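Next come the structures, one after another.
Shared between the two complexes below is subunit A, which pairs with subunit B and subunit C, respectively.
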Partner chain A sequence: MPRGGLIATGLVGLALILLPPLSGFHPYYLYLVSTGLLFGTLATSWNILAYAGQVSFGHAAFVGLGGYGAALASLHGLSPWAAIALGGGLGAAGAVIIGLASGRLQGASLALATLAYAEMWRAIAQNWDEVTGGGAGLIGIPALPTLPWPSPDVSGGRAGGYYLSLALLASVLAVFAGILRSRLGLALAAIREEEERAGLLGVHPLPWKLLAFGLSGFWSALAGGLYVHTVRVVEPDLVFSLHFSILPLVMATFGGVGTLLGPAGAALGLYLASELFLHPYVPAFHQLPYALALIVVALYAPGGLGTLFRRRRHGAA
Partner chain B sequence: MALLEARGLSMAFGGLQALRGVDIAIEARQVVGLLGPNGSGKTTLFNILSGLLRPTTGEARFDGARLTTLPPWEISRLGIGRTFQIARPFAHSTVWDNVLVGVTFRARRGPRAALERRREVERLLATVGLLDKARATAGELSLGERKRLELAMALSTRPTLLLLDELASGLSPRGREEVMGFYGQLRGEGLTIFAIEHSARVLSRVADRLLVLDQGTVVADGRPEQVLASTRLVEAYLGEDDEP
Partner chain C sequence: MSPTTLAHAIVAGVLLGCFYALMALGFSMIRSVTRALNLTHGDLIILGGYLGYWLWIGSGLHPLFLVPVAAAALLPLALGWQWLFQRLREPKELSSLVLTFGLSLFLQNGMLALWPGEYRLIASEALTASVSLGGLTLNRGRLLVAGLALAAVGSLHVALGHSRWGRAVRATSVDREAAALLGINVDQATQSTFLLAFALSGGVGVLFATLHYLSPSGGAELTLLAIVLTIWSGAGHARSVLGAGILLGVVETLTLLWSGPRWRELIVALMLLGTLLARAGGLVPRRSR
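Take a look at the complex of A and B:
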């Protein structure tokens, strides 16, 4: 595509992304799109780890740690911004801890370990009543402070949450784009392709994998923190839900593992298809898009949709 | 002192004794060939020297450093590079990136400047004749090209000792002649080479010295003409040289 065409497409895309809150979107729809953007962040975070060949079935652990960390900090008087950042740090630490298992476990074994890890945190949150509120969770989490722009009147005050979700997604995409062009990306790709060979070329795999776990956990936890400040409640079955482990995997697989935009695009498309078109009319079938997505990947696009458009990368030097 | 020295290396896989008390000493700048029938322990020895296996007993030293307790990345940084008999490039990455990995990570503080790394990758790809394939993914390469990429990857860590595992096997006569050319070039650059080849004829043309392994034991060690002159040895351990 010529340069002018690219710029025009970019500007139209930017307008489409920025306009919904300003064009009188119903607050409920704005909430749905915001949640879709958070899933985009989650799918991209999952993709950072998958780029290193580490498959996680347990990203709910990081969402939950971020959600509970942010909620508790907020309820104890910390500003929501600092609380969400703290939750992010907690999620990163939690991810690095399970990442240590990747020194010994690979493939399905590691995936099952991450699944068990998320369940472990859910059980802790369920039973540690005095801190987490037990199964009932915590309520009364403060709302996010009103942003100076746009005014709270716009779209029933949901505009701020929308733009924050958008900014979070943009930030994780920028980080992943940076990874793809960096020493980290080169190391992660080598580890993914053949860890033993990477070692023979001077790559010590574990520290690089832990860095990928940390980054992935951090952004997943930020999404968790933002989410609980949006819904203003946190419960074990909400934030440690299997949904937050499995949906990012399905979204990233459908969008194209290792591609920059595929997982986020698939997250938005699948989530909105489910919530806008199926949930209201045939609620029993609202999960259908995710199942269909996996069938499409298995039969027609083994690398995911994103790989159909991916240009070959040449050199990270 | 020898550059590479192994004493009493033994390796058992369950009940299978792959190596039995192997002693080796290789001087700097020597080209040493390793011959032996299938299953004689040649690749097991290379796996120990490159850190992929820990020996059951014995130890190996490289330039004074004890190898047998180090992980592969530390051994690579000490200056040992290796190729594999069945080429194992990063199949989904570009030829360029395959070589860039070693150039970037060969030391804790490898070349920082992108331009420096780029020039080195270009030089290595030019050396093995793959510069025009830099943008191809490694999985698209022919067998001969993958073997050449293996060599470029092994060289990307700037080794002083190269462990070459059957670089010439499976190639056409022309491909094998190219490999012979590489051996000559690497020797000219002063590298120490320890090479396994299926063909005794190939090795005898390039090596200063031949070692013969059989059932995990060194059964011959000497100049190529001496080792190959032993008709009994050639028949018993090497068989017919079936490559033209």
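Take a look at the complex of A and C:
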């Protein structure tokens, strides 16, 4: 990373750490930015999968599995921390299952399969009344407990949720940075560029792909679990919403697929622009930035989409 | 299960299937001419339905008169979508999915803002009466819609097979470059396909709103249906879309008869997932290289 970028990243990070005291622990702004941070986590975990050339249209499945898993565990008396971790495991398992089932699918077929997979889970949550509460969902999810350190102001309430979201984003960024520097990163890049040739060279694609699916699903589900413990309800249309499939794709695509910080930066920027500047004035069109961002990338800035699709550009298809 | 129940389910499935085919036609036409997959397809149908509902509340006209109005209202969008689709990069299928996934979010939110609150239905009395046919009681609206679907599929089949326009469209969808080299105006063929497909979607939306409640996010399921039928019908002839529609309609009603109405959406999602996994080779049948 060039020095300018490093300094800018450091400044943004510092600003995010100092935001709660600087904003006077303003509940609305803290809620807004922590949701933006969760979208950053989601976009980054989407990016881990995209780095292996797998374009997902169904990350709502993993967010929803994490959300429902965490909510149910919490409501059955588990501590929220254990419940969120359990939800994360459920999301990872759900991601590995679709990765395994769609092992031979690529490109558009894989995209549609993941879209259908998310719809499948939404339909199950919607109709399995005995467990999920059906369309009405589950209410009364306990709030996150206040940590004893450093002080209730900072480690409880909205500020506590905010710092957890920030920590979650930092952890997924650290994992992705680690992937980029390791053999796993090389294997995933090889699979993205030329899956068959990677196989011939001794990189058997499936286990690596499943690892990428699992990591991506795990962090998306953690974000889902944290989210339901913040809003304290869970409904099919809330956590299995198409938003959680579309927005990470838009954000990562706009920020630059395969870059470390692009997706998270785009997530924060687009989400805050939409909520702060458009929602109060033109609520009907507050999601315009996402549509515009996609159109710009799809038509004029192949940097995002281009790196992802390079493999196919000179292919025989 | 009595034979009458079974017969009733099959007839209802066939009627439903004709309607499914009509809903999928626009998606299938655009895919065969441009290779693009339009994930906003279902949202456009829902938009047509809302426009029909709005006009129906305002004018009180018979819903059938509103079909052409809603169809015409979507024509400007057709031009906008065509403009965007022309500029997509390779691989077209995936790029079109990415682009239309975002546009779908945009359309859904626009509709949510324009028509908030409870779900809407064009509850015209002209369409809700039941008709007795050979011992089976059927809903007049469903019969009418199935009849219209057959008429639309039939005229499209004739137009594609036996007119200059149809030849141009077929040639464009088989091989765009070769068709252009042979002097076929491929841009005109593409544009007319977009206009026709969007008009069909808008009109179908009004019919949909007479049978089902509209909700801004209801389009996703219709899009999935259209994708299932398009994959099942292969090369995208109007009559194979009809066949696929009827097959899906009958499979769905029979499954629901066995499982109860709760799991409808699950069945559609599983159909798509199963179809994709079964055809791991790709969405489009391979042409000779």
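The rule is simple: the second predicted complex is superposed on the first by the 272 of 317 C-alpha atoms of A that agree within 3 Å, B and C clash if a C-alpha of one lies under 4 Å from a C-alpha of the other, contacts with A are read in each partner's own complex, and residues count from 1 in each chain.
Here is the rule we go by: a contact is a pair of C-beta atoms (placed from the backbone, for glycine too) under 8 Å apart; a residue touches a chain by one contact, two chains touch by 3 or more.
Because the structure is a prediction, the values reported are computed rather than measured.
Greater residue coverage of subunit A by touch, when subunit B is weighed against subunit C, goes to C. Once the two complexes are overlaid on the shared chain, A:189 sits against subunit B while remaining clear of subunit C.
With both structures placed on the common chain, the touch criterion links A:202 to subunit B but leaves subunit C unconnected.
Shared-chain residue A:105: touches subunit C; no touch with subunit B. Once chain A of one complex is fitted onto chain A of the other, the partner contacts of A:57 are limited to subunit C, with no touch recorded for subunit B. In the superposition on chain A, A:171 contacts neither subunit B nor subunit C.
Overlap of the subunit B and subunit C interfaces on subunit A: residues 312-313, 316-317. Those residues of subunit B whose C-beta lies close enough to touch subunit A in the complex are 50-52, 71-73, 76-77, 81-82, 88-94, 96-97, 100-107, 110, 114-115, 117-118, 121, 134-135, 137, 153, 156-157. The residues of subunit C lying in touch with subunit A in their complex are 37, 84, 87-91, 93-95, 97-99, 101-106, 108-110, 113-114, 217, 220-221, 224, 227, 262-263, 265-266, 268-270, 272-273, 276-277, 279-280, 282-283, 289. Subunit A meets subunit B in the complex at residues 183, 186-187, 189-190, 193-194, 196-204, 312-317. Those residues of subunit A that touch subunit C in the complex are listed here as 55, 57, 101-102, 104-105, 107-109, 111-113, 115-117, 119-120, 122-124, 126-127, 237, 242-243, 245-247, 249-250, 253, 283-288, 290-291, 293-295, 298-299, 302, 305-306, 309, 312-313, 316-317.
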